[in-house]
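Take a look at this one; I'll ask things after.
For reference, chains read A, B, C and D in written order, and residue numbers begin at 1 within each chain.
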Amino acid sequence: MPSLEETTQKIRETAKKALADGKAEVVIGYKKGTYPLSTAPFFARTPEDCDQLIWSNFARINLANYLPGRPGKVAVVAKGCDARSIVGQVAENQFHKDNLYVIGVPCTGMVDNNLIAAKEQRPYRDYSETLDTITLKGADFSTEIKKEEVLRRNCRTCANRTPKTADELVGPEVPGAQADDFADLKELHSKSPEERMEYFKDLIKDCLRCYACRNACPLCYCPVCFVDETRPQWLGKSTDPMDTLTFHLLRGLHCAGRCTSCGACETACPVNIKVREFNRITEETVMDEWGYEAGLSWEQKPPLTVFQPDDEASFIK
Amino acid sequence: MSEFEPKIVAFFCNWCTYGAADLAGVSRLEYPPNFRVVRLPCTGRLNPKFILEAFKRGADGVWVSGCHPGDCHYIAGNYYARRKFIVMHYMLDSIGLEADRLRFSWISSAEATKFQHMATDVVEHVRACGPNLKFRKAPLILGMEEVA
Amino acid sequence: MPEYIVEENALKDFLQSISKGRVLLSPQGVGDKCQITETTPDKVTLNFTNTHISPKTLFFPQTEWLMSFQKDHSKPHPYVYQDLGDKAKSAVVFGIRPCDAKGLSVSNKVFQNDRFTDPYWKGKYESVIKVGLACKDPFPQCFCVAMGGSPYGATGLDVLAFPSEKGLGLKPITDEGAKLLAEANLKEADLSSELKSQEEAAIKAQGIPDDYSPIDHRGLLNLFQDPQWQSIAENCLNCGVCTFICPTCHCFDIQDEENSEGGVRMRNWDTCMSWLFTVHGTGHNPRPSKTERVRQRFMHKLKYIPMKQNGDRGCTGCGRCVVLCPVNIDIRSVALRMSTLNMQKQA
Amino acid sequence: MASDNTVGAVLVAGGGVAGMQASLDLANAGYYVYLVEKSLAIGGRMSQLDKTFPTNDCSMCIISPKLVEVGRHINIELLTLTDILSIEGEEGNFTVKARKNPRYIDMSKCIACGECTKKCPKKLNNEYNENLDTRKAIYVQYAQAVPLKYGIDAKECIYLTKGKCGNCKKVCPADAVNYDDKPEDISLKVGSVILAPGFAPFKPSDFETYRYYDAKDVITALEFERYLGATGPTMGHVIRPSDHSDPKKIAFLQCVGSRDINRTDHGYCSSVCCMYAIKEAIIAKEHAGGNLDVTIFYMDIRTFGKDFERYYEKAKAAGIKFVRSRVHTVQPEPQNGVMIHYITDGGVSNQEFFDVAVLSHGLVITGETKKLSDELELETDHYNFAKTSTFAPVALSRPGFYACGVFTGPKDIPTSVMEASAAAAASTTKLTSARSTLTKVIHLPAPVDVSGEPPRIGVFICHCGINIASVVDVPKVVEFAKTLPFVEYATNTIFACSQDSQDKLVSLIKEYRLNRIVVSACSPRTHEPLFQETLASAGLNKYLYEMANIRNHDSWVHAGHPAEATRKAMDMTEMAVAKAALLVPLKENIIDVDPTALVIGGGVAGLNTALTLSSQGFKSVIVEKSDKTGGNANRIHSTPKGESVPEYLESLKKKVEEDPNITLILNSQVNKADGYVGNFVSTLSTGEEIKHGVTIIATGALEHKPSEYFYGKNPNVLTQLELDELIKANDPRLNDAKNYVFIQCVGSREPDRLYCSKVCCTHTVHAAIELKKRKPEARIFVLYRDIRTYAQKEDLYKEARSLGVIFVRYDLDAKPEVLEEDGHLKIKAFDPVSGHVLVLSPDFLVLAAAMVSGNECELAMQFKVPLDQDGWFFEAHQKLRPVDFATDGIFMAGICHYPKPMEEVIAQAQAAAARAATVLIQPKMTVGGIVAEINQNKCSGCGVCVSVCPYNAISLDDKGKAVVNEALCKGCGNCASSCRSDAPSLRGFTNAGLFAQIASAL
């Protein structure tokens, strides 16, 4: 498995080559963040720029976000999930495949900073990372944390870590993790409706209705989001729990058959709501009903844009 | 009425279930008066938001009914609708809406008795669920004296 | 005014005393759940970083109902909006951080000034006595010093509390604060030198602060027309997290909601990061792209507010946006870029 | 042109599905139609069906819109209760004498409330339910009947027979009963006549073997259909008639009154019984929830139509048993049920108990129809079916007379519909000069511009006599309506639909400057068009109208709860008002139509389509891939009826070549297609660009090249068409040949090609007869799975057997084995009757190779039309729109749709021409109304609307934003509900309007 530095190096080389070969006018990748345990999206336009590109355990944000509507030829650094989002965007005409060069990074998962915060409360000013560990350095301490223990939820169940649809892979393929078995959802489903609703209402009780989840989502590119509609107003804008729930429900429905579990929504949420819970419900549905997983091939058709005459729906009387 | 009378919003497609309801009328088949029907050209017109809006506004139940698969006046509208219903059904079921509050059915324009039975059945099931207190918006507080 | 000392075992009594006849508010919960809530003296802790989102919720809740009407013709004034009134309760907040207190004082000048007063804010802001807690050990995100504040700053506070060697030091800031402490039957102590050395150490712990003063000097138009906004905006998702968690962001949106019985008029937090924030009824949008919106946020914090509020910045360095921005747009870097640009233009 | 005495009107006799389709196609093509129906209402046999095969569509659901369309068509004059007395004259100018029998109900007054029926004391057998329940002497034929007007059965009415009772007149709230109604003789001038008298189901009463005459549990299939029907005597519950218990075992007995010359003289196959038996079996099993055994006793299963074979396989998979045996005795059991005695394939005698025996009775031409044929001097065959030729399949023996449906032979609904359209085309080829001379046009006042005005809503609450008012407190609803926002005026009315109420509505609209109208009355499904017309006559846009159905959905079903019903009526009115306030006038736009057709494919179908269009005065361009026209027909020797195909083809090609309206482009194909109905632009491989208003796809099919049975390896193994070529060329090889073996279903009815090629059985039988006639001593074996010589083609099968052709059945799991020994063919086949393996050494082995699609994926993509899983072009509706694509303006003809014999190909070609003519006749087309529109500011260009539109009405423009083609949109709203950002909006059913309804419902 190549180290972070080796991957960084490979990304830089690939990016420079993509610029030089005219495959792209800009390479969208990650650079080191200004704050510990972070990266920032970076738009490299010159070979010198490319030297700022890095690979990190904190490359959480989904760079596909920057594609819809972007003019010109673009290369983009993509993890497995990001590459799947890109497939979705291409299928939905948000970006033309001819103008795209996907630099795929086989990924071993990204770190959830909240899990780190739970392990180390003392203030730290510096840190270092390897592919498998994160080391926090405070005034009088140094704590090493295994990455495996602080992976984001979605990364723990990512079966598609290698971006197979990429134009180029910067490292060898990596094995996928055990796919999400939705065991917790199934468990929840065995409980009473009251308990289920309690769970979800509690899940979103801190929601600020800031819609960061939506804005961070590579599939939420609508010119006008339903939450911003006024006639009719699909949902109220206050903290009414039902309005908030409606927002999350509808977003979940809108992501049905499209969500690639990239986790961008949860990464962006300022109050750490497990936003993806709603998407997981639809993810389970499209998997169970139609064996569908989003973004795995350029040919597949999103499940809500097609039908089979014998689609099973025994709940319809 | 002392007993709880559920309020139910029904979405019927014009060609089949609305027709079945018409025929139920012609045949004088009685059923409980708890529905208010929103006529749609096709179940394919049913935006999931309509269902949520009805519940949010305080409906105790929602009933969606259209043509049997294959009978769609618009060739395939109900096939697409069925996929939406599947996703919607599992979503709402998962988050804890009582399954009996939301009914989907296929009733052709000839099936007046099926319509009657289904209508009665829907009301009974929703009645058994009791008033919708959880899946609706909190009532607006309209007077100062009521403000905590 | 004298300083006071509360020994560790007397903290509860002190809190009991100051919350007599008032609601006691204090940060509760840890990590991302930490926020200021109603509490009791025994639950108050000094061991927290800062509230996860800013305490502006106290005076400016995310949703606030302002007035209502009813449709019933048998009741008085059907279909006419009636004020729902101010629901302020007398309270004391213990443990607000200096950065936030300062931030709220910035908003306070927005909500009440010589031109108008927002009664909903005023009632709540003025009925809460603010006891701040100084920051002895700054966190990596803290940069109050660079923004002209201090981990021991007193702006917007009635009382500043700080961890003293002998217990909890208390320094009255306002008359109201002094009165509060005087009534609490506390031991007076001269803590001024300890306070001073603590503050110096805490300031030092933040490192050498960036110098953002060039922003203040001149050149609003230079700043406005800076082509760099485009590159800052390139990263931005317009997610608005920064505005929602910010102690000085105070914009809101008025909404009416109605049902079969009547309706209410409410205000909800709004965000200038949103496309909808400025869109006109005609469809025209004076801030049509991310660039204008990102520029608005930083110009507002770092240029417009200082221009209106005698140089006080709209950023107090609490660092929340630095931590929570999903794409690491760091206001410190932006401020530095604004400073640098301005100097170049002057040169 | 109309200087001659040609009449631009057509008489259509028979209001079944065929007659209705013919009427619509005629009326939409510029001819005035007299649709004569002898009963109270149109709808025919199809109205009695519960479901239709092979899609299991609800029959009533699919026929209803057609009934309404016919009933409301301004150029179709519906003459119910009418008998034709005589037809004089000649093609172009006939005089029809007819008698309108009295209905005793003033149709203009009857509101179909049903009060009369409730009070009528006379109970009679209900023919609609096959006499399984009762109706009254005053009745409607069925609930959805068109016209929805009651009628009195004069022979049974107590008042009319005895002068007593008079209940109906007393209770009629509309004063519609008129006991003094008299027969009226009328005279109609028409240019041609289409006869669609339909059939009667065979009455098995004479069969003592089946005991239908006395055993309660022996019923006919149509009776069983009524039991299955939701509007049937048991409301869809399947019963054992003797005791009304749930049956556990049901037997279907096939070929009752068909393929039978012993007792009935009905040697023909009724074509539809196998399929309807399978359908009824499937539906019965569904109704019984699996707790039902069904066995079908058959001779040959004839599932030869599109998707039929799959249906058969589905039935087998669902556990329906198929037993190959003609039941010889049905013995009623002492209490209930019947014992069925039969002999199995292997010769073993068997008996089995069943709760119910269903007789799959055939289709019969009635004596009345035969009499009509005789009176009109039309030739009929020995089964009384009207005679037609293969090459003019809908033309009868007397010029000017045409036919469709079962009149000319047993057939299913889509074939009847196809023929109906064909008859519409054929019957008017001589009337072109008089087209549009008799049709009416509606003239409306200039619309009042109400845009920008605040809503001023008028609300009209109908009493419907006592139908609503006896339950709902109408004045209270009126008072409530007055308090609703934007309501300017609210009133009640006794009959909102009566002419004086309509006139009042017009004056109130003017007096109060009302700009939205809400009527709380009955169903918009029946009455919306009427009120919309009234709005239009007041100068108000007809879409500024909303209806609350407080009768069918309220007073009629909540009679026991008047308070709740009143509350509901108020809510429903409020919902309608809330929606109405948000209605906007909808524009209807006019688009130009290019009056040219593009016909793709120059085979028999394409040539006939072009010729038929030409006879109607339309130009067409035929694009043919190869260097000659004629297609597969070039290889065929003669038709099963014995007509010479080469002679026919020669004259056909000559006509096309000489026709100034037809441009033939050989060696070319369509490379690119743009545009939509009325305005297509296609680019050919020759580079030529063709503008056309309609497209007809007639690309044909191919004969499968077998990969088995030594085909291609041994020169004596031929396909059917190859044999035909030898026959056609009088090849000397045939002179020496004495032994022939035919193997059927080569490549058909196999798992990877699960359809019957339909033509091969007849083809083989026809060829065998030909060979036998040429050389009577020839020994011919036909190895088959089921012989499918449907309809009158059964006679050929019989003839072949009598000529000594030997038919040996084989099963798919024991296919014949073909060996080659020293270049000689040797065939081993197991004969299930004798139980022996036959070894045959033929001179020629002829393979009935499947017909396979030309796999026209590219063409399908160019025109955005679908192919089914077997590669056949997929029609808009398998029953009622067999030549249309879902996309307007594109039609199909011939075997690119599905394998079919030449007479059906030609009928479909004429049908395609008729359907195309309904578009081409209009120099301008009106589009718009309730269609979708896209707010491009909200459109992300994701294309979900494009994917889910069933009509290909949405595309992305050059900016990548969606646009709706109003000419194609049908207003289903799928786009509006699928778009995440709500960019599409369905006019008339906007999100805002529906939200307002939801809000006011609660």
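Points worth noting:
Methods note: a contact is a pair of C-beta atoms (placed from the backbone, for glycine too) under 8 Å apart; a residue touches a chain by one contact, two chains touch by 3 or more.
All values derive from a computational prediction rather than experimental measurement.
Comparing mean CA positions across the assembly, the chain most remote from chain D is C. Counting C-beta pairs in contact across A-D and across B-D gives the higher total for B-D.
Distance between chain centres (mean CA atoms), chain A to chain D: 52 Å.
In terms of their C-alpha centroids, the spacing between chain B and chain D amounts to 32 Å.
Chain C and chain D have Cα centroids separated by 73 Å. Spacing of chain A relative to chain B, judged by their CA centroids, is 36 angstrom.
Among the residues of chain A, those in touch with two or more other chains are 226, 232, 236, 240, 304, 306. Residues of chain D in contact with two or more other chains: 937, 948, 978, 982, 991, 995, 999, 1002. Counting partner chains per residue, chain C shows two or more touched chains at residues 257, 259. Across the complex, chain C is touched by residues 57-58, 137, 139-144, 147-148 of chain B.
Touching chain A in their complex are the following residues of chain B: 48-49, 52-53, 56, 69-70, 76, 79-80, 82-99, 103-106, 118, 134-138. Chain C makes touch with chain B in their complex at residues 65, 68-70, 82-85, 87, 257-259, 261-264. Residues 50, 55-62, 64-65, 114, 143-144, 229-231, 235-236, 523-526, 549, 551-554, 556-561, 564-565, 567-568, 571-572, 575, 876-877, 886, 930, 948, 950-951, 970-974, 976-978, 982, 986, 989, 991, 994-995, 997-999, 1001-1002 of chain D are the ones touching chain B in the complex. Across the complex, chain A meets chain B through its residues 185, 188-189, 192-200, 226, 232, 234-236, 240-243, 245-246, 249-250, 252-253, 256-257, 278, 281-282, 284-286, 289, 303-304, 306-309, 311, 313, 315-317.
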